[in-house]
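Consider the two complexes below, in which chain A is the common component and chain B and chain C are the respective partners.
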Partner chain A sequence: MAQVEIRNLGKVYPGKVRAVSGASADIADGEFIVLVGPSGCGKSTILRMIAGLEEVSEGDLFIGGDRVNDLEPGERDIAMVFQNYALYPHMTVRRNMEYGLRNEGLPKDQIAARIAEAARTLRLEEYLDRKPRQLSGGQRQRVAMGRAIVREPKAFLFDEPLSNLDAKLRTQLRAELRALHVRLGATFIYVTHDQVEAMSLADRIIVMNAGQIEQIGAPLELYQKPATRFVAEFIGTPAMNFVEARPVTAGLKIDLPEGASLPGPCAMVDQLAAPAHIGFRPEDLVLEPQDGAAGLRLDLQVMFAEQLGADTVIHARLAGQSDPVTIRVESAQNPAPGATMTAYAPNAALHVFDAATGQRL
Partner chain B sequence: MQKRVVFRNTWLPYILVAPQILVTLVFFFWPSWQALESSFYIEDAFGFSREWVGLRNYTELFADPGYLKSFRTTLIFGLCVTFLAMSISLALAVAANRVLRAATVYRTFLIWPYAVAPALAGVIWYFLMNPSLGIVSYWLRALGYDWNHYVNGEQALGMVIVAAAWKQISYNFLFFLAGLQSIPKSLVEAAAIDRAGPGRRFWTIVFPLLSPTTFFLLVVNLVYAFFDTFSLIHATTEGGPADATSILVFRVYNTGFIGQDYGSSAAQSVVLMALVVAMTFVQFRYIDRRVNY
Partner chain C sequence: MVENRFYLTVLTHAVLITGVFFLCFPVWMALVASTHPASALSSTPIPLWFGDQGWENYSQLLSGGLPEAGGVPVGQMMLNSGLMALGITFGKIAVSVLAAYAIVYFRFPFRMVFFWLIFLTLMLPVEVRILPTYDVITKLGMLNSYQGLIIPLIASATATFLFRQFFMTIPDELVEAARIDRAGPLRFFWDILLPLSRTNIAALFIILFIYGWNQYLWPLIITSDESLYTVVMGIQRMVNSGEQLPVWHYIMGTAVLAMVPPVIVVVAMQKLFVKGLVESEK
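Let's look at the complex of A and B:
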């Protein structure tokens, strides 16, 4: 158990390809932290640097207060679960789990005790003498977790461990992972590209984009108060809608795309000095004007509606822009394509981002 | 699942495989049959007459201390060539697998010796090691080692072993490299996180996972050393000195074409045939089972 700290971490591959720059974060002891971002954003690189599988090009890395930049992976006292499981195919499940402990030189009875305990936790008892190829995907992933658990490491690292599994199994293992974290109380560092996985697992999320950390925060914090346009768009499904706002003369008149208008006062938008993106979530849109919270009025033409059961997602077109607007409404609604409709985004639901920097205003 | 083709005409499939069968019959079965047949006869040198002698060629063969010595020589030669060629090529493949820059150039260079004809490879080593004008023997003499493979049988055997192994390294290297590259990198990384040092990672993870390749190469190398090294020995030591490098396959030639004893030569061929059949059987029988995972 230990806290993990990264300070100004950077990675430059041979040929001056930069994967990560200036990444800093404090990960508390026992925290479940998720690194999330699109592919190629550098999240796996950070994880691999923490594991010691990639050399740290810049910055410092601390595990449990010790600087570990130059330690071998085996000396860092961490365990890792790989996307492709990385089980040793020529060894039985038991051997797989024993491997690290034997290398440590742990006494045999202790090894046996730890394996028995882990096998019970992960319901692997009957598979201990099988080879990995005789197991299903979900079982293999549990063996990989077992191999990590028996090591009793300072921190657990997970590199997209669920992405090779089907959707149903993924949901099931997600719950098991969460329960495992509660039971072990250990530090978990988890990489995924799936924002739903990140939201459901994490104590805190680190959102990454193009080699840099965009925002660190609790799932709800990211959802309610995204620090950048990227985070706003990345977190939440369906994704946030945006309209462009351009001040014609500073503070006097705001130019919005055709079909969008501000019927009443809205402090955030009215005072804009530079072009901005106004964001609003599909689930925050309402079809009736709200008293005292005028917000943004949108005159839309319905393109099509997706009926998902619990609710319906309407895709509609705003006359003045090419990006469609999505609206999440209750399932009784089923507007016909081509119909016109009006939707309102209350003032409190608007997120305003600087168009040039992407920062929240 | 294998897709099975069903022919409507029963004779068509036979016609399609006929050329292959014909070639096999004419160039493999017929000579083999001839060898088997003549191993039961004693024939005069010019082929005018022959006499049925039953198993006498064989009993004489196994009573001949020269032949038994040749068996031993072949065994030593085969094992040494196999071990040398495989261990060096494995080391080279492990090294090449770590090379990131100019990897293709490096690999291409390592593959070159395979393109050299065995006889030529023998001659190269013959010149290198030649007691009067070879550069290696010159170095050895400078080191105080008296090298003369014309006289010293052990040195001669050592020389043909090195030459034969050198020739086979490229081939083994290719297979080992392919084998190494098919081992997922994450396995080695997982082992590194599991506190295994580089040596332990190699012997407990990489080497066991290479076992199908290793076993295949073991058989191929033994077959090569036993049967394909004739031209190399013929071009360098001619089996000498004093039969020190006279391996079984060279002895077949020597008995038949130099000694004109066709019966004994045929009997020796049959023994070799039995040997190669046994090795092929072992290969087919166990190659799938020896796969560890």
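Let's look at the complex of A and C:
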């Protein structure tokens, strides 16, 4: 168990294709950190650099205080779980879990003890003598985790381990993973493209976009105070809504799309000097104006409503913009398509981002 | 299109049975002929059922020296053939599996050049390079030796290519998992790659064993010492025994004996062979 530190990490593939640039982060001992982002954002590349499967082109990588840039994967004392499990198909479950330990030259009785312990933790005892092909997807992934656990590594690396499983199993294994982290108290570094997975598992999340780190923070921090428009859009379902705001005369009059208006004062928006995007979450919209709090008023035309049971998501159109607005309301609501409605976003729920840089204002 | 008509069924079966008959009749004749004395085969009608000389013929073939075949017992020839075929088979598999491992898993300069060079030699059969090869073997002093019989036939572009194709289907994550599990290149090869190639090796074993067993031209050129003659050469020599009548009962007996080892290999490895062709367990 150890802390992992990346300093200005960069990866350039042959042919000058840049996958990652200037990534820095401190991952504390025992932390569950999740790297999240759309496909091709460089999250897997960072994980693979930490594992030693990709060479580090720029920057430094420390595991437990030692610079490991030039060490072989086997020498870094890490364990990795892959998306497609990567179990050795010709070996039994037991042999799969033993393999790394045998290569380390651990005495036989210690190997047996560790495997018994891991098999108990992961409820794999009755499968130890089976081959991977005789197991279900979820069981295979548990074997892959078992293979990692028995190594007792400094850090566990997970590369989208749940992506090949069906939704129900994914939820179940997610809970098991969380429990496993609590039990082992080890450093977990986990890559996923699924923001729900990231939110539910992580102590801290690293959001990546186009090879760069957008923001590092606790799940709620990212949700409540996204540092960039990208993070705001990426975290939370349904995604955050945006309207464009352009100051006509700096600090005096703000131009909003037709249908959107600011009935009262709003310090953040009123003082805009440059074009900006005003964001507000579907769940923050209310259908009645609240006393005192002015906020953003939206006159909408309903497109359709999704009744999800616990709540209803209304998709509506704002006259002056092509992007629809989604509103999350209680399940009793079921407006007919074509109906007009008015929604309000309180001042406190508005997020303002610079239109040019995407940075939070 | 599956039609279920009576006459069609009869017709297709008739065609198939005719085919089987044509295929099996020569083998039957060889079996029958090998159990008769020489005189029975040089007079009409040729016998179609077993004679009473089987035991004598085969024991003479296996242990006694036949003047018609250069005085070497067929047992010795079969041993020679077997050693050559096994040598070629194991050699080819060992060389090509290692070559494919290098080409697929290691980044060295001119890797693709080497691959295409190997691939090009697919187009050159033994016969094309037989004179230069003979020259090399002579200068190495390997005439009339098992090494001389085996080594020049060991390189195999086909097998290298097959192993390369197989290795390329093994997922990268497996290699990466092994690296994280501290398996070095040799360990990965021995513990993971070879066991996974098991069925491919079995399939190649059958094909290459038969290829080696049936070699004729190369042993003919490289050996002049009778004690190194192979069984395929032996049959040929018996047929062309000059002035005398061909000893058909012995020739057929030798042919039958020559069929036995390939049949054993095929039967023994058949299961793995089919698995190798059908299964893709990765």
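The rule is short, and it goes like this: the second predicted complex is superposed on the first by the 361 of 361 C-alpha atoms of A that agree within 3 Å, B and C clash if a C-alpha of one lies under 4 Å from a C-alpha of the other, contacts with A are read in each partner's own complex, and residues count from 1 in each chain.
Please note the rule applied: a contact is a pair of C-beta atoms (placed from the backbone, for glycine too) under 8 Å apart; a residue touches a chain by one contact, two chains touch by 3 or more.
Please read all numbers here as calculations on a predicted model, not as lab measurements.
Trainee: On chain A, do chain B and chain C fit together or clash when superposed?
Mentor: After superposition on chain A, chain B vs chain C: clash.
Trainee: Which partner does A:88 reach: the first (chain B), the second (chain C), both, or neither?
Mentor: both
Trainee: Of the two partner chains, chain B (first) and chain C (second), which one does A:51 touch, if any: first, second, both, or neither?
Mentor: Both partners, chain B and chain C.
Trainee: Which holds for A:13: it touches chain B only (first), chain C only (second), both, or neither?
Mentor: In the superposition, A:13 touches no partner, neither chain B nor chain C.
Trainee: Check the residue A:78 against both partner chains and state whether it touches chain B (first), chain C (second), both, or neither.
Mentor: The answer is both, since A:78 touches chain B and chain C.
Trainee: After lining up the shared chain so the two structures overlap, which partner does A:304 touch, if you call chain B first and chain C second: first, second, both or neither?
Mentor: neither
Trainee: What is the shared patch of chain A, the residues that chain B and chain C both contact?
Mentor: Looking at chain A, the two contact sets intersect at 51-53, 72-75, 78-80, 82-84, 86, 88-90, 99-100, 103-104, 133, 147.
Trainee: Give every residue of chain A touching chain C within the complex, in rising order.
Mentor: Contacts found on chain A: 51-53, 72-75, 78-80, 82-84, 86-90, 99-100, 103-104, 133, 147.
Trainee: Which of the residues in chain B end up touching chain A in this complex?
Mentor: 100, 184, 186-187, 189-197, 200, 204-205, 208-209, 211, 292-293
Trainee: Residue numbers of chain A touching chain B in their complex, please.
Mentor: Of all residues in chain A, those touching chain B are 14, 51-53, 72-75, 78-80, 82-84, 86, 88-90, 99-100, 103-104, 131-133, 147, 151.
Trainee: Which part of chain C faces chain A closely enough to touch in the complex?
Mentor: 171, 173-174, 176-183, 187, 191-192, 195-196, 198, 281-282
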